[in-house]
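Here come two complexes built around subunit A, the first alongside subunit B, the second alongside subunit C.
What follows is the complex of A and B.
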């Protein structure tokens, strides 16, 4: 009942062709417009807060299955033992105080014609505009043998929470001299620099506590985000500990045998003490069940309104969309959510939709006192995708001083405080 | 440069006119909200990222322009500042200056 397969997730309008023909019904001036947001992460919580900050005459309901949200950003610090899971977990009290009706439940049916969401608990919500922020789902068996059961033995830790702690416990239980493997999928996936930050912070733990151990990054790609900065840090901070194997050097993991502890690339079988397998991903199931990805795995949206290209009246933000030049990051989801919220208010109030500039900054830690970042500003492009604004995309410089890296680590900390307060304080 | 910026921001205020301030602030919000992901809601920042709330608008705008030109060295802002026109920079600076 909880899994939203095509079979049990009820879509009243049935065919995508029917969805495309829909137009959201007129909102009558005397009625308070209603927006339902499904998913309470960076995208969904931000849309809910910014709808209320922009126009408190709008009724906003946020549907989220969990009582607390654990952020993926900074979860690598939990894996590395440098931060507690409590310090990256947030409740929805402040969201409620901001006037959002937060419902802890799961959507089981959407009727885009009647504009109605049915929840597992039986409640039925009507909306003028619906926002889906379901994040990613992991594609089980995208790597042969890597399914949900295998993830209990070889954690992915790519959705923060129990999996994060499981990976941490496995690292703690490992003997000195053990091999740790971090397997990275091909693009697109959530948080492009995340796997390499994780490798760095695990290496920091190994260096301090299990110095005879080694970490191999098995990569399905030839290049990666902030590569020169990570490789510089690995050489300087963790010599002899971190090894990166690109696809062309048998880096791509093709199968695992979790119970036997075997991780296989195209040419090699490894038997690591701890395997962290990050599998391929696609949009959260609610978006897939509605056909909003058009069979492509991620959903195309209008870059000014974040309205689905398939289903008018339904908006999507965050990791579930095709973000053009933006990465799949919590920062990007928050930036998209602010634009989406203002666009929804404009549409509901019959005002022209504004021309946005979106931002992204992804900080990564190579150690708790060693940070660097990638920056960018973005706008809607002529092709209907989000494009970067020339000159705005770049990274922290190579060869920076230890003091500058320490300052960027403090910027990262400050960013985390501010963006989580934006949503949850 | 400083004088030019002053004239520019004055022009923005004049063109907004009486009663136009609310509309101008609304226009700036679509840009300014994005800044808050780092600088905090309403420009009230925790930690080392500078707070923008209540800062002098002209100084803030000038710094943005200097980041964009490379006259002042920073980290993120040498890239991000290049994304905006001079008018947009003035509007964003006025927006945060008005937050208390």
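What follows is the complex of A and C.
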């Protein structure tokens, strides 16, 4: 991660002028409107594609620092050894073919007055509307002693890629009988059910290959997403392997000593063979550097347009925003991106913005043939936050048959190929 | 009442150092405002006082009220002065109490 601090990130706003006082300049009717999207993950790649699908008279530039995107969804299957990292990695060729100018670079400065983005490589992009989809950054030392160096020893694997493979290698290298710890932060964080899916798939690997081993989930919370479904699966599939410790049972990790291999909670010191520490998170640095989070870690947006509440003309989607009742998920980012893209087209074409409905489904695997989901539909609420539509929110039932769980595992796979095709095919 | 307690005291500390001490008790902290299905109130049942003693001398005391949530967790600091025992005492309004203790070596 580049170090983009508030200090070295250039915000060339006029002195004394707040960002909220700025208005995007009028688009000349005859000019092709220009949209710049920063970040090529679920949110950004989807916005870029759906802008072009909605109105191909708009020029879209996507700035992404990596040549390939590795998805966090399904990366727990790589950790568990059930999938390869190549199978969850995507290039941007199809995005380019769709007419998006994909620039592999990093934005180093944004001028919201002149509506200009400067890239590390020197290129300067002008825009009528800017979309930021920077995802999350990890808050180093949010857990005492857990910094970037510590993550080489105790991987977080919460940004898919080398960290995912590092955690996998550590599990493979562990002796039978070892203790694995998965540390989960307090809300809000990316992918609420993700840590528990990970614990399940690691437990599956342990049961098959290292059956004397144990896994403890150390949780900074008292409850978690799809809890009854996960706990039912742990009882049935991995008895004696998975233990979950909530905050009140000394589950919250407060410090680590990575070199000594010690993970400390409020009342216990553990010395696991493999420690997976998922630290607290906040919006990607570009949003923080612009002050779009108002010091709160995540950014508030208008739920109809996904325009920043702080800086008009700048939109945000995905894990970097305060999503109201929606979770921070790839599905949610994709749904927000579609709404955002349509709203941007409406704004650029001086048409009224539609009243959106947003969707989310999060599938989780307890084993490769054991899936379940949480789902819901959402809309802008009266308070300006996204709220759920009553009657649409639910989960897969408890006590479902093995066949039904196997079917849901196949639905999950189908979801994954559909959503990745929506962005990258 | 037999309640589970957990405490955290550093094993060693340097003289003059500020030590963080932590203590939790598993307790329902019934606030007296909840009703049973028969319409009667569940009686108040809380830990009303917490005391910490360092070699017998009180270094921290807290009065807990019915508005405090179940499983009250307290973290506080004291200065390391000498090796010895740190005691944690929870007083229950049913008249019982819980004690937990640990030693610290001060160098």
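To be clear about the criterion, the second predicted complex is superposed on the first by the 419 of 425 C-alpha atoms of A that agree within 3 Å, B and C clash if a C-alpha of one lies under 4 Å from a C-alpha of the other, contacts with A are read in each partner's own complex, and residues count from 1 in each chain.
Methods note: a contact is a pair of C-beta atoms (placed from the backbone, for glycine too) under 8 Å apart; a residue touches a chain by one contact, two chains touch by 3 or more.
These numbers come from a predicted model, not from an experiment.
Residue contacts after overlaying the shared chain place A:248 against subunit C, while subunit B stays out of touching range. Of the two partner chains placed around the shared chain by superposition, neither subunit B nor subunit C is touched by A:325. In the superposition on chain A, contact is made by A:410 with subunit B only, not with subunit C. Contacts of A:377 after superposition: subunit B is touched, whereas subunit C is not reached.
Residue contacts after overlaying the shared chain place A:357 against subunit B, while subunit C stays out of touching range. In the superposition on chain A, contact of A:387 is made with neither subunit B nor subunit C.
When the two structures are aligned on the shared chain, A:165 is found in touch with neither subunit B nor subunit C.
Of the two partners subunit B and subunit C, more residues of subunit A are touched by B. In the superposed model, A:267 lies in contact with subunit C only, and not with subunit B. Residue overlap on subunit A between its contacts with subunit B in one complex and with subunit C in the other: absent. Contact residues on subunit B toward subunit A in their complex (touch as defined above): 27, 29-31, 33-41, 45-49, 75-76, 78-80, 82-84, 88. Residue ranges of subunit A in contact with subunit B, taken from their complex: 50, 54, 331, 334-335, 338-339, 342, 354-359, 361, 373, 375-379, 389-394, 396, 407-408, 410-411, 413-415, 417-419, 421-422.
Only residues 248, 250, 266-267 of subunit A touch subunit C when the two sit together in their complex.
Only residues 6-8, 22, 24, 26, 71, 73, 75 of subunit C touch subunit A when the two sit together in their complex.
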